[in-house]
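Input: structures, listed below.
Each of the two complexes below includes subunit A, the first together with subunit B, the second together with subunit C.
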Partner chain A sequence: MTNNELGGSVVILLPEHLDPNRKAEKSLYTMNPVTETPESQVNGMTTTTVPPGSALKAKSRPRKAPELQTVERRNWLIHLHYVRKEFDLCKHLIREQLEETRGMCEYANYVQGLILRQEGKIQESFELFQLCNILNPSSVENIKQMARALFLLGRHKLAVEAYLQAEDKLDKPDWELHHNLGVCYLHLKDYDGSREQLMFALEQNKHHQTFAVLAKLYLLVNDVSSAISTYRAAIEYFPENGDLHTALGLLYMQTGKYQQAFEHLGTTLTFDPNNTRAILAAGSMMQSHQDFDVALAKYRVAAQSIAESPPLWNNIAMCFFGKRKYVASISCLKRANYLAPFDWKILYNLGLVHLTMQQYTSAFHFLSAAVNLRPTKGHIFMLLAISLTYLDDEENARQAYEQAVRLEERDPSICLNYGIFLHNHNDKEGAIKMINEFEVRMVKFRHATGADLDTEIIENGAKLASLLGVDGSVFRKKPGRTRLDAQDETVLLEKTASVTDTLKPVEESVCQSPPPVPTAIPELNPSEVPDAGNTAVLVPPMEALTLEEPPAFVSDSSNARGKFLASARLQFQEDESKVTDTENKKETPNSGFAEYSDDIFD
Partner chain B sequence: MMTENERWLTAHHDPLAALYTFSACMALADLHGDGESKLIIADLGTGAYNMKLKVYKGTSLMSENTLIDLPTGVITFHMDTTEPRVPAVAVASGSYIYIYKNLRPYFKFTLPTLEVNSAEFDAWSQARDELLDVSMLYEILDSLRQEVGECGLTTRSQRFLMCPDHASQATFLNQHKGFILKRQTVVTCFATLKKSHAEDDAISCLVLGTESANIFILDPEAFTILNSMSLPSVPVFLSVSGLYDVEYRIIVACRNGQIYTLKRGTKIGRPTAELTSQPVGLLKRDKTTIVATMDQNLHSFNNKGKRLWSLKLPAAITCVETLEIRTLGLTLTALGMADNRVMIYRDKHLVDTIYTEDRISAMKFGRFGREDNTLVLVMKGGGLLVKILKRTARFEIEEAQGSSHALAVKLNIPKKTKLFVDQTMRERENCVLMHRVFQHDLYRLRLNTARAYVQSLETSSNPVSLSQTEPLKLSAQVLGLGPTFKLRVELQNTSSTSPSLQLAVIFHCDDRIYSVNKSYIQIPILIPGVIHVAETLVTCISELGISDTVRVFVVKGKASRPLLTAVISMPVAEIFMGS
Partner chain C sequence: MGKMDPLFLALSYFKRRKFEKCITACTELLAKNPYDQAVWSLKTRALTEQVWVDECDGEEEGLADVLMDDNTIASVARPGTSLRTAPPSTADGPSQTFRPSTQSGRPLSGVVRPGSQGGRPGTMDQALRTPRTAQTARPMSATSGRHVRLGTASMLSTTEGPFINLARLNIAKYATQQNIAKALFEYIYFHENDVRHALDLAAQATQAQEFKDWWWKVQLGRCYYRLGLFRDAEKQFKSALKQQDHINTYLLLGRVYIRLDQPIGALEVYKEGLDKYPGEVTLLTAIARIYEGLHDLTKAVKFYKDILHHDATHVEAIACIGTHHFYTDQPEVALRFYRRLLQMGIYNCEIFNNLGLCCFYAQQYDMTLTCFERALSLATDHSVADVWYNLGHIALGIGDINLAYQCYRLALVANNDHGESYNNLGVLEYRRGNLDTARAFFMTAASLAPHMFQPHFNHAKLAHKVGDLQTSYIIVQKALALFPGHVDSKELLKTLETHFHTL
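Take a look at the complex of A and B:
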C-alpha cells in the first residue's frame, strides 16, 4: 500500500539532523530569514521577513523544527469548493488530503460523505460519517449526518435512535434535529411523537419545511382545519413562500372555500408567476368562472415548464371546449390521453367532447375505455347510455342507464335522462318512476347545497313531467321561461351543429311517436338528451351553480357555456381530489419528503 | 431591454491567464501611490504548489511573488500613517498572515497557538524523558483521541497516530520529541475593520476567522490581538462594518449553516439566522445582509435575522460580489452562476446579466487602473476578464418583464387536417352503421383469437406448455450468417418441484432447403428452473437464396403429440461463391 510512501512524505519535510532549538515554526523559506531570532511563544508575535530568494537553502538550514502541516489546513478550501458545488475539484482535493493524512482528516471525510450523498450513494456516505464519528466521537454533527443517512436509507428506527443520541450530546436544542426526528416519527407512523417533535422544532426556529411537514401530518390524520391553521401560521412567517400559499390554496379548494383558495393561489402567482401547481389550480377556478381566456393565458405559462403534464392538457382542452373550439379541444385531449392513456377522466372528457360533436361512435369508444378503467362512476355509464341511444342500441343503453342510476345516487340528471329515454321508448311507467326519483333527488340537492340546478335541466324535467302528466310544480320555480328558453336552445343547436340536420329528422320521428305532443317537445327530446346529459355529469359535486343561473340567458351561448363550464369544473374538482389521493398514498410508504410537491400535478 | 454589451465594455480578456483563485484572494488597490489601481491576485497555482502573489498593472502582469502555502485571502489595508499613503498587502495562508509593503515581504504574523490538552502534553514530555516507550505513547494518544476527538489533538499527535507501524512511530518520536508541543490553527477567512476613522485611507485592523472557530482582531501597528471572540462553528465568510474604537458589527457565516453577529464588547457570536443550506457568499448592505446559499437561493436578512425576501435562482451560485457604483449611488449584487453568467441584482430585481464563456470562479469590483467601475472576473478555467461599466449605463428595474415574455409564447396545439374533418363528417352521418360494423368485426376478431388459441393449445404448437404435467418453456435463437447456422434451443422446466423426464427435441424443415445436422436431440432430466441448451447446425442447401421456417418440437417419450412447438423463421443465408 501507499502507507510507506505516505510516511515518507511526512519524513521528507524533516531536516537532515535534528534541531536542538525546538521550533515547530513553518520551515519556510521565502519569509523567514536565516538569522531570524528564535520566535518566542508569545501569541501573535511578529517577525520581520526577508525577500524571497533563500527558499531553496531552507532544507539544509539546521535550526528549524520538523515541519508538520496541520491536518486541517485545507479544510477551508474543501469547504469552499463544496459549497460552490465544484464536486470534481472537491473530490480531487479530498483524495489528496486523505492520502496525505492516511484518511484521518475528519473534515475531508465529512465532505466526502456529503458529496456521496448528493450523488445518491447513501450507504457509502453513511460509512464515511461513521468513520468521522470514530475520528471525533464528541461531534454532534457527525451523529446527525449518520442519522440523516439512515433516514435516507429508510431505516427510520435507527435514524431516530441516532438522533436521540445526538440530542443527548447537545447542550441546547436544535431545530434541525427535532425537525428530522419529527419526519422520522411520521414515517414510523408515530403521529403523536412526530407532532410533538415538530412543534418543538418550531419553538426553536421557524422554518417553512417544518410547517409543511406538520401540515402534512395533520392531513394524514384527517385534521384539515389544523392543517389549514398550520399553513396560515407558516404564511405569517413566510409571506412570500409560493409553495405554502399553493398548499393552503389547494386545501381551501378541497374544503370548498373558493374565495380564500383563489386569494392564496393569486398570492403565489404574484411572487412566483411560474409556479405550475398554482397555475393549474387557479386556472381550473378561472375556468369554473368562465374566464377561459385568462385561464388559457395562465396555462400558456405552465406549458413552458410542464409541457408533458396530462392534467394541464386536459384543462387546456376543457378551456377550448368552453370556448366551443371543439377541434382544438379534441387535439389537446388526445395529447393528454397520449401522455396518460389510463387516466379515465381524460377519456371521459374525450367522450363528452365527441358526444357534443355528435361523433357517437368515437364517444362510445372513449367512454367504454373510461368505464373499463373506472367501473364505479355512474356518470360514465350515463354518457355511455346517451351515446348508445344515438347508436340505436336500445337494450344496452337501458342497461347502462340502470347501472348509472344504481352507481350515482345523488345526481338528479341521470334520472331525468333515463326518464326521457324511457319516455321516448314508450315505457311510461318507468319514465314516471324516474321523474319521481328525479324530483326526490333534486329536492335533496337543493337542500344539500342551497343552490338550484341548471335551468335547462329543470325545464327539461318540467317538460317531461307535463308530458307524463305528473305534477311538475317543483320544476316550475321560474315560470314563464320554458318556452323562451326552449327557443334559445334550438337556436343554439342549429348554430353549434348545422351538420346535425341530417340526424335531426330521424330523431324527431322517434320523439314524435309519443301521444299528444306539444310543439316544444320535439326540440326537447332529440338533441337535448346529450346536453342534459352533459350538464348532469357536471352538476353533482357543485354547489355554486347559482352563478350561471340568474335570468340572464339573453345570449344564446351563455346557456351552453354554463354546461361546458360546469363540465370543465367537475373535471377540476376531481383533479384536486386526485391530488390528495396520491398524496395520501404516498405518505404511507416511506418515501422521501421533498418529492411530493413536484409530483402533484404531473 | 439593454443587453450586457450596452452596459459593459470588455477591457481585457486573457483566457490563458491560468489563475486559480477566489473572490477573497483578489484585491484592487493603488499600491504605489501613483493614482493607478492595481489588481492583486493570490493565485493558488495548482492547488499544491506554484502559489503566487500576482500584481496586474493594467493588462500586464507587473510582479509575482512566490507564496509558500495556499493563500486563503488577500487584503490591502493601511497599517500606519506614513506618507505617501500606500496600502500594505496582507496575505493569509495557513497559520500565518504575511504582510507586504511596496510588494516586499515585511511582516509575518503567526496565529496564536491553542491550548494543548494537558494529558497529551504530559504524554509527550514523558516520552521526551524516555519514561514512555513508543507503544505506550501510542496507546495513550489513541485513547485520548477517543476522548477528545481527532481535532482536539496537536498536529504532532495526529501525525504520530497516522504512522502505520512501530518502526515509523519510533522514528517519528525521535525526530519530534525534542520540540515543544504546539497546537496551531489555520486562517479560514479575513477582513479589515477601520480602527478609529472611517476615511478610505484610515488605519485598519485585520479581522481573522480561524479553523478553531475563533475571530481575532489584530492591531495593525503592533500586531497584537486586540480582541478575540469565539463562535460555535468554523467561520467561512466575514462581513465587517463600523469602527473598532467606536462600534462595529461582524457578521459571520459559519460551516454549520448559521449566521452569527459579533459586536463590540461581545465575546461569543450571537446566532442571527439559521440557513437551511450552506452559505456560498455573504454581503453586507446598510441594514441588511445578503446571503447566497448552496440550494440556489438568495436571501436577505435584516440585522435581527428576520428574512426579508428570498429568491430562487436558476443555477448554482459560485461567488458573490458587491457592485458599489458611487456615481449612480447604487449598490448592486453580482452573482457568479454555474451556468456561465453573472447575474446582477438590484435588491431582488434582476437588472443585468453578463454572459461568459466559462463559469465564474471569482469576481472583484472596484477601481482598476484609472477606471472606477471595473469588474474583474476570473473563470474556472483560469481565464481573466476585465469589464468596465459604461458611464451611460443605468440599472432601472424593469417591470413585469416575465409576464410579457409569457404572453408571447403560443400554445403548441396540433392542427387537425382536412382528412380529420372529413372523417368527422362521415362519422356523424354513418355513426350507427360504423358502430355496428365495428362491433361486429370486434366480436369476430375475438372469436378468431379464441379459436386460434384453442387450436394452438390442442396441437401444442405454442412455445410455452400450459399443461399441468409438463410445464416447459422453450426459446430458440439462430446464430450465424449462413449458409450454416447454429440453432440454439433453450428449454426450461417452469414447475416448482417436479422434474421432466424423457424429453427430446426434434427439428423439422423442408429438406430441399435446409439440412439439419442433428434432427433429434435427447434431453436429459430437466430440473426445475435450470435452463438446458440444445444446439444443432442447420445448413442452407438451396441455391435459390430463399429462406424458410424450421419447426422445433419438444416430445416426451413415445407420445405422438409434441408438448411444445416453436416455428423459427430462418434468415436469408449468405451464399458462398465457391460452393
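Take a look at the complex of A and C:
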C-alpha cells in the first residue's frame, strides 16, 4: 500500500524535519507567521499547482522525498484563521491537515488545543497538548501549555511540576513561566515560593498582571504596606492602567490616606470614566465630605452599567439621606435590600433612616434582621437600643446597650447614648460609669486619629456630665458650654431625652461607615458576589404571586356569557387542576371578611 | 286552560337557558314529527349551547403544536418582534433580576393564563418535564385539554344514539338551507367537535351563499385555524372583515398572527379593531398581553390601565397592574390593587399570598403573617409550595436564616419540582460553607427550572471559587444565554476568559 509507505516515511521524516534547534527557535515565536511563511513559500513552490486534496497523488511520484515535508505547509493559513478567531474555518483546515498527516502535524494539534480551550473543553485540549509534547518533546511551549491546562483544571500541583520541567529545558529565563509558577504556588498557599517566583518574573519583565498577583499575595498575608509599594511600582510602569490605580486607591482608603486614595481614583476615572469600582469608591469618599450632588452624578454613570449592584444603591440611598430626602433614600435602600438580602449594612442603613423618620417599629425590624445576620457589630446594637427606647421597652434596650458596649470597644458615642439612657431612667451610678467610659474612649479616639469628635456629641457629653455632676472639662474643646447654665433640671432632662434624638449626628457618623462599605465591597467582590447571585435568586420569590384565579374570571368577564357557561368553564379548569374558588366563596363569610380587611388596611 | 303549544314551551325553556328541559321537549316533538325543522333546529341549538365555549380567549397549545411548530415565519426573529426570543437588551421595565420570568422566558404576569406558565419548551425532554407534571396527570397531549373535553360532550348522550349521525348527513343539502345550516354547523363544531365535517359544511355553505355571508367565512377560518392551516384562516378572516367589522373576527385574526409568532402583526389587527370599536375591553386586553410578552411592560401597564378606565372590575388588569407595581419597588401601590381584588370577592390562596408579600415589603408587619396564615389555610396542593417559598423570603427579610431554610424545605415537600427553592437552599448552604451540598442544589435547580439564570450563575460562581474553571466557564455561558444583560455573569465570564484566551 502506497499509503502505508507514505505514512511510514512521514514518521521518519518528521523528527528530522522538526529538528530540535529550529523548533526551539520557532517555539519562542509560535504565533509569529514570519517564521513560518518562508517555509510555506518554499513548500508552496513545490506544490503551487497542486491543490491540497491531490497532494497524495503528487507524493506517489517516486523519489520526491522533499515534497513530503509538507507537514507544515499550511501552518501559516491555520495561524491566520486562528488569530482572526475564525474557529470554524480553522477547525476545518486542521481536520484536513491532520487527516493528511495522520495526526502528525504538531502545529495543527497545537492550535486545535488552543481552540478547544477557548471553547471551555480543557480536558480535551490538555490531551492535544500532550500529543504535541509527544510529537516534539523538546518544545518548551508545549509543556507550558500542558501546565496551563493543568492549572485551568485546578490541579495546581501537577501544573507546578510541569512548569518546573519546562524551566529545566529553557536556557534563558522566561517571565511568563515564573509568573505562572507564582500563581500556582499562590493557589497552593505556598506564599514564600510564590513571592520568590513573582519577584523573579518581575526581574525578567515588568507585567501588570505580575504586579497585581504580587500585591494580592501581600494582601493575603496582611502586609498592606508592601502591597501598596508594589502597586506604586506597578503604576510607575503602567501609569494608564485603571485597574492598578483603583486597587491602589482602595488600599489607601483602607489605610485612611484619603487624599492619596482620591488622587488615584481620580486618575482611574480620567482614563476610564466608566470604571464602576472607581466610581463607587470615589463617590463614597465624596459622600464622606458631604459632597452629595457630585457623588450622585458619579453614581448616575455607574447605574448605567451596574443597575443591579446592591452597594451602588446603598450609596445612592445614603446620598439622599445626607440630602435629607428620606423617602427616596428608603426606596433606594429597599431596592438594595431586595438585591442583597444578606447584606447587614443595607439593613443597618434602613434601620438608621427609619429611626430618623421616627418609624421606630420598622427600624426595629430592620435592625433586628441586621443583628441576626451580623451578631458581632456593636453599632447595630446601639441603634437597636435606641429604637427600643422609643418603643418603651426599657429592659431590652438596656440589654442591647450592654451588648453594644461590650462588642464595640472604641466608639465613644455608644457610651454616651447609654449614659443618657441610664440617666433618663434614673440610674445615676450607671450613667456616671458610662460618662467616664465615654471620656476614656474619647481621649483614646483623639490620640488615635488626631481629630476631634463631632461637636454635637461633645456638647451632649458635656450636658450629661454637668447633669451628673461629673467634671466635664474634657468635653470642652473650643466652644465650651454656654447654654446649659440657664436651664433648670427638668428642662435639661427633657433636653437630654431628646439628646438621643439629636444623637443623629452620631448615628450619621456611624452611617458613614456604610459608605466605606461599598468601597470595601469591590474588594470583597470575589467572596461577596455569590451573595449578589443569591439576591438575584431571591427576586423570583414572588413566583406564586397573582396566580391562578384571575384567568377563570378574566374569561368570564370579557365574554360575559351567561352563568351556565361560566360554570362549564370552571369545570374545565378543574379538570386541568387549576385553582377554582367557587366553593370557597360560598363557605366563607364573604362580607364579614371584606369589612375585616378594610379595617386592617385603612 | 288549554295546553300551551309545546314548541313555544320549548322555545321558552331555551330562552330561560333550561337546556335539559328544552331538549326533552324537542325530543318528544321530534318523536311525533321527525321532519319538523323548527324543532330540530331548536334541539341542535340547545345541545350546542350546553357546551358552547368562547374560543377566542385562553387557548392552550398542545405538545405537538408546540414542538412540531413549523408555522413560525422567522426562525431567528429580530429582537422585539417575536414572543419566543430573549428580551431585547433595551427592554423597558424591570429586568429579570427584579421581576422573575416564567418558563417561557416572558416576564411573570399577574395572572396565570393557559400557556403562560407552561412555556415553550425547546426539546421534547423539557416539554415532558414542565412544572406541572408532578402535580397533575394532565398530559400535554396533541389535542389540548379543552377540545378533548368538547368532544366528550357528545359521548355522554349515547343512551339513544347520537342525535345527528354525521356520517350519514347530506351536507350538500343542508348547506343550501340557511335556516338550518348555521345551527347545524355550531352543533358539529362545538358538540361533536368534528372539525373536518364542520369545515366541509362551512365550505359548501359559503359557496351556496356566493361568498357573500361573512359569518360563514369566519367559521371557515375557525376550522382552518383548528386544523393548523393558519394562512388559509387568515385569508378567510380578512375577507370576512372586509364585509363586516366584528370584534370576534379581529380577535380571531389576532390569534392567527400570534400562532405565526408575529406579535407586531397581531397588534396592528387589534389596533385596527380598536379604531372601529374604541374602548373595547377584549381588544385592549389582547394588546396588553402582547406587550407584556414582548417585555414592554410600561406599554402593557398603560393598556391595562386603559382597560380599567372602561371596566373597573377587570380582574386581569388589576392583577397585572398590581404585579407591575410590586416589582417596580412600589409595594404600597400594589397593595391597593390587591385589596381591590379582595374587595371584589376574590378569595383564594394567591390573593392572600400577594397581600402578605406586599404588606411585608410595605412594612405592615402586623398584617404579613396573618395574610400568609390565611393563604396557607386556603392553599391547594398546587399553590402551597409557592406560599412556603414566599414565606422563606419573609424569613430571610427578618434575618431568620433557619426559618428560611425550613420554609424552603417545606416548599420542596409540597412540590418536589420547585426549582426556586432548590436554588435558594443552595445559596443558604453556600453561606453555611457546605459547598458540595450547595452545588448539588444548584444543579438540581438548573435542571428543574431551565428558565432561571440564577442557579447557573450561582453554580458558576461556586465552581470558580473552588478553582474548577472549566465548569464555571461553561455554566456561566448558560446563565448569559438566559439573561444576556446580567452584569455579574458578564464580569465572571470576563475574568474566566482572560484565563482561557491567554496563550
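Methods note: the second predicted complex is superposed on the first by the 409 of 602 C-alpha atoms of A that agree within 3 Å, B and C clash if a C-alpha of one lies under 4 Å from a C-alpha of the other, contacts with A are read in each partner's own complex, and residues count from 1 in each chain.
Definition applied: contacts are C-beta pairs under 8 Å (C-beta built on N, C-alpha and C of every residue); 3 or more make two chains touch, one makes a residue touch a chain.
This one's a predicted model, so the numbers in the text were calculated from it and none came from an experiment.
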First (subunit B), second (subunit C), both or neither touched by A:Y338: second
Contacts of A:P273 with subunit B and subunit C, given as first, second, both or neither: first
Which superposed partner A:L373 touches (first subunit B, second subunit C, both, neither): second
First (subunit B), second (subunit C), both or neither touched by A:Q123: second
Touching partner for A:G154 - first (subunit B), second (subunit C), both, neither: second
Partner chain in contact with A:S362 - subunit B first, subunit C second, else both or neither: both
Set of subunit A residues, in rising order, touched by both subunit B and subunit C: 30-31, 307, 331, 335, 359, 361-362
Subunit A residues within the subunit C interface of the complex: 30-31, 114, 117-118, 120-123, 148, 152-154, 156, 187, 305-309, 331, 334-335, 337-339, 341-342, 347, 359, 361-362, 365, 368-373, 526-527, 529-534, 536-551, 553-555, 557-559, 561-565, 568-569, 572, 575-579, 581, 584-585, 588, 590, 593-594, 597-598, 600-601
In the complex with subunit A, residue positions of subunit C that touch it: 17, 19, 50-54, 57-58, 95, 97-100, 108-114, 132, 135-136, 138, 145-146, 149, 281-282, 285, 311, 313-316, 319-320, 322-323, 326-327, 329, 335, 339, 342-343, 345-351, 353-354, 357, 361, 363, 365, 367, 370, 378, 380, 382-383, 385-387, 389-390, 392-393, 396-401, 420, 423-424, 427, 430-431, 452-455, 457-458, 461-462, 465-470, 473-474, 477, 486-488, 492, 499-503
Touching residues on subunit B, where the partner in the complex is subunit A: 22, 44, 47-48, 65-70, 72, 94-96, 98-99, 104-113, 145-152, 155-156, 158-159, 161-164, 168, 171-172, 174-176, 178-182, 184-189, 211, 216, 218, 223-225, 234, 236, 255-256, 274, 276, 278-280, 294, 307, 309-310, 312, 316-319, 338, 380, 402-403, 406-407, 409-416, 420-421, 424-425, 427-429, 431-432, 434-436, 438
Sites on subunit A touched by subunit B in the complex: 3-4, 6-7, 10-11, 14, 18-20, 22-26, 28-32, 39, 41, 43-52, 55, 65-66, 68-77, 79-80, 82-86, 93, 96, 101-102, 104, 106, 135-139, 141, 175, 205, 207, 209, 238, 240-241, 272-274, 296-297, 299-301, 303-304, 307, 316, 327-328, 330-332, 335, 357-362, 364, 390-393, 499-500, 502-503
